[in-house]
Amino acid sequence: MANFFQKIGDLDRRVIFLLIALAVIIPITTDLIIPNIVGAEPSRDMFDYVDALPEGSNVIVSFDYDPSTMPELQPMAEAVVRHLFEKNHKVIGTALWPQGAALGQHAMSTLADSLGKEQYVDWVNLGYKTGGAVMIVRMGTSIKAVFPADRDNVPWEDIPMLEGINSLKDIQLVISLSAGDPGIIAWVMMAGDRYGIPIGGGCTAVSAPQLYTYLQTDQMVGLLGGLKGAADYETLVGIEEGPAVKGMSPQSIAHLVIMMFIIIGNISYFSRRKGGAR
Amino acid sequence: MNWEILGIWLGAAVTLCLYSFLYRDNPFYKFVEHLFVGMSAGYWVIYSIYNVLIPNWWENLFPADGGFDAIWLVPGIFAMFMLARMVPKVAGLSRLALGMIVGTGAGLNMVTFFQSNALAQVKGTMISVAAGSVWEVFSSLVLVVGVVSGLVYFFFSKAHTGFVGRTANMGITILMVAFGASFGYTIMARLSLLIGRCTFLIEDWLPTIPAMLGLGG
Amino acid sequence: MTILRGVFPLLLALVLPGAMMAAGDGGARVMAVPIQPNVGVAIDLTASDNPNDAGGVINLEWAMDSGGVEPDSIGVVRLDPSGEADTLAVLPAGTVFYRDTTAVNGTEYTYKIVSYLGGKVAGVSETATAVASAQWLHSGRIGMLVILSIMAALILYYIETGKKGKELYIREIGGLAAVDDAVGRATEMGKPVLYIPGIMDMDDIQTIASMVILGRVARKTAEYGTTLLVPTSRSVVMSVAQEVVKEGYLQAGRPDAYVKENIQYLTDDQFGYAAGVDGIMVREKPAAIFLLGTFYAESLILAETGRSVGAIQIAGTAMPSQIPFFVAACDYTLIGEELFAASAYLSREPKLLGSLKGQDAAKLFFIVLIVLGVIASTVGQFWPPMATVADFLRDLVTVE
Amino acid sequence: MRLVIPLAITFTAGMIMILNFFIPHQPFAFLGEHLQEWYMIVASGAIFLGTANLLHVHVRKMKLRLRNWQYSPVTIIGLVVMLILGLIYGVEEGKPFDYLFMNMVAPMGATMFSLLAFFVASAAFRAFRASNWRATLLLSSAFLVMLGQVPIGAMIWNKIPLAKVWLMAIPNTAGQRAVMIGAAMGVVATSLRMIFGIERSYLGGAD
């Protein structure tokens, strides 16, 4: 046995390649779903924060991304909006990226239809406005000044759910789904730091490490990072076979395979050292 | 001829040929590798012509509203200098173009690196190490000590002994933790690429096989 | 838009005789005139020269009076000194910012915002005036200028001391100490050396640093009589590499051994280049591979293939995201700044060693700055005057 | 002596780029902007140099019947086909050039990129061995982050995803910053040596 472990350290790397390929191909072809488990992580913090908001809170969901990052961010958008609807919060959609408004519209209107939510009563899509951080600062004194009408040009006054909302101070939470700049950072610096509005968000895996620092300093209430973050939110909301959970399956298996090889490599290394066959 | 299906087959064929490299070098890989080098080289030439040379040079030299802007002869002349390398007699002229390229790059890199790689990072590290919980204080300390000791590791003109040596050691330790974390974190993004290719093969290409067979038989 | 431009001065003259005259009267402030009583007009209009530019730009900011009917759209009107009005833009209602990029430096312009309702001018704001100008020094970059000047002075000073022949120490750098061994090993095995200068062009400083190292490596391969292969991803890099290698062979006294075709261009395409280099690796089976320069995702594709053919690999890059992969897959890795120290280390030229000493002094300066900043921020939490110091230090390193 | 003019050009171009950053006034704004664009044009124009070299190398390979010369025509044909289709039909969507790009060049690039999924695995297997304490740290932090990335981490201990977040936010940030600041010093020093002509080997021989 010891001999086996000594030898396996020099395993042909093509065996690893084969296992990685299988780890990816099998879940895709069989629709295998690995159950997702959510630990004490920023995605749970975010869920808990939304869950604990008093019913009927005003929440801005800002769709700050475009189709290129949809695989990661659209599942987040759908899970977050579903959760907000289920908790009877009022969802105000905005977008710092031009194409985000349409993606947000799609998520909100589809979910609203299936959950029986009404446009202009439970949700509204204010659409895209250029300006990024500057626009957010302006919203600090008047949201209506930035969005005199919604995406379909319905004037602010004619939208019942916006009655009583003047500035960001009337918003209980901002959730930015962000693919880059402008995005979460602009919301944290302007709405969060300047006006004290709680900020949550979701981002691509690539940009997550940079945003983790905001969690360390409590400038954000929670963060969904990449596909895992999206899968976490789907799991917490109770979507069982969501696109993100599905997408995580090959990831989980392939990660396991790699970790297993790291462990085998080390066992082999130590058994060789013991055997003096360095 | 169904161009869309042919496109899928072309894509699948080159994908499979390139993957065959994982087993070992073979004629299929050699073929597609040579094809890739040739086609992509051609692609970039065309790209340069249509996306740089025409809009940024030609259309500035001869503006749409007529006329001729002589100042845009300058880059044209420098480009000619560069191409002069092909003629041994005047090959020395390419040094003039090189001087311009290196000078522009050096000046531009100097300010941008200094701004975003040095000053912005220094600013981000000027934090209070007494804010928040014990854990946050510890984290801030690790961050500051990590940056400073990492910089000490890069000292070249001091022997890494004594205090400097211990600090540099701490620096390389933090660097190793950072590299490990970064490696582990990136795996997911790399797997996503493979998942993307496999999805293409399984969901776009495989279903066309019966159709192709049907057409053939 | 063009029609509006032509029609508008006329329209304005019709509906706003008072305003036109007032402007001509010597700049008396004109009150906001809501022509239709209920329409929202722009208030608090300010016009100012856009700072830190070559001139020609004036920024306008305003707020919309929220009482009254929301206008359909709003227009930005500019009056030049002769009183001629020009509608610069028609903007959606709710816009609160406009940048006039057509101003002439030194000319005083008067601006106003008009509100349209039902296609007609329904209200006009107060006016504001501004003059565009160019600045000689970017006010948001003074701190950087000061620090950069200090650093440059330090580096140039130490280069001078180096030239004067002062003995300068340089610490051991593992990857560079191994260069000789790597080339020697290739010679013994009768296999070539492969040098990969990254995928960026000659304007990239890492590529430039790589070319300098290539010169040293070429001299060694020439001395040892080993083949040196340099595939490049950029035409200009290929040209420079040819010059540098030729020179290396010349210095080693072996100009006859220089083969131009060994330094070849593959393709500008990132992964096309990776595919081509992978092919060279498995077919030429180099015994030593150098990966020095700017690398992106292809770093590991190259390093793992190089590893699989059993080559000794020396890598170096300043790309933080790729260093982990080189550390994992290569025998030696030059981390960040070590890549730039390589030419000094390999040549031991006094002026280059001096430059390294200057870099160290510059780093020390930054360390002191960071430590001061951290102390000031920390103490500033309990003792406000220190917070001002911290803010000052942060301002110093802030660049607009 | 032959290097005097090239070095003067390097110095002038470098100083213009630096001064342009600090002085918004003309003529620096104009020169700075134009120089960048000119650089782009010269570098793009140089691509013909590389293309000529590529052709030369492969034609020579075929002539001398060097190893694997049979594949050289493939490269040449690929290059020529793309050039001709691009020049004749243009690059708009739906044209042959675009078709070949979308269905061949792009998939080839994506496939090469995706090879990384295999290579990260083999590199991790071989490199992550606890041979000394530094390698152990590298290995442990990579392993911990990987665990935190997938559900199994939280299954083992629900704080593991948090450990991942901390590793990425604190030590990773610290390490990256140290590398970036250090590298910036290297860039500044190297640039200075270029601009002031202290390092000139890139221009080849001849003093």
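As written, the chain order gives the labels A, B, C and D, with residue 1 at the start of each chain.
In this text, a residue touches a chain if its C-beta (ideal position, glycine included) is under 8 Å from a C-beta of that chain, and two chains touch if they have at least 3 such contacts.
Just so we're clear, the structure is a prediction, and the values are computed from it rather than from any experiment.
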Shortest walk length in steps over touching chains, subunit A through to subunit C: 1
Neighbouring chains common to subunit A and subunit B, by label: C, D
Subunit C and subunit D, separation of their C-alpha mean positions in angstrom: 15
CA centroid of subunit B to CA centroid of subunit D, Å: 3
Rounded Å distance, subunit A centre to subunit D centre (Cα mean): 30
Touching two or more other chains - residue numbers and ranges from subunit C: 144, 148, 151, 201-203, 205, 208, 236, 239-240, 265-269, 271-272, 275, 283, 320, 323, 325, 327-328, 335-337, 341, 356, 359, 363, 366
Residue list for subunit A, restricted to those that touch at least two other chains: 13, 17, 20-21, 24, 209, 216, 228, 251, 254-255, 258
In subunit D, residues with contacts to at least two other chains: 21, 39, 43, 46-51, 54, 68, 105, 108-109, 112-113, 115-118, 120, 122, 124, 126, 128, 138-139, 142-143, 146, 149, 164, 166, 168-170, 172-173, 175-176, 178-183, 185, 187-188, 190-192, 194, 202-204
Graph class of chain-chain contacts, one of line, ring, star, complete, other: complete
Residue ranges of subunit D touching subunit A (in the complex, touch as defined): 117-118, 120-122, 124-126, 128-131, 139, 142-143, 146-155, 157-162, 164-166, 168-170, 172-173
Partner subunit B, residues of subunit C touching it in the complex: 144, 147-148, 151, 168-171, 173, 201-205, 208, 236, 239-240, 265-269, 271-273, 275-276, 278-279, 282-283, 320-321, 323-325, 327-328, 335-338, 341, 344, 353, 356-357, 359-360, 363, 366-367, 369-371, 373-374, 376-378, 380-382, 390, 393-394, 397-399
Subunit C-facing residues of subunit A, complex: 13, 131, 134, 138, 142, 144-149, 155
Partner subunit D, residues of subunit A touching it in the complex: 11, 13, 16-17, 20-21, 24, 34-42, 208-209, 212-213, 215-216, 228, 248, 251-252, 254-259, 261-262, 264-266, 269-270
In the complex, subunit B residues that touch subunit C: 18, 21, 25, 29-30, 32-34, 36-41, 43-44, 82, 85, 94, 98, 101-102, 104-106, 108-111, 113-115, 118-120, 122-123, 125-131, 144, 147-148, 151-152, 154-160, 175-176, 179-180, 182-183, 186
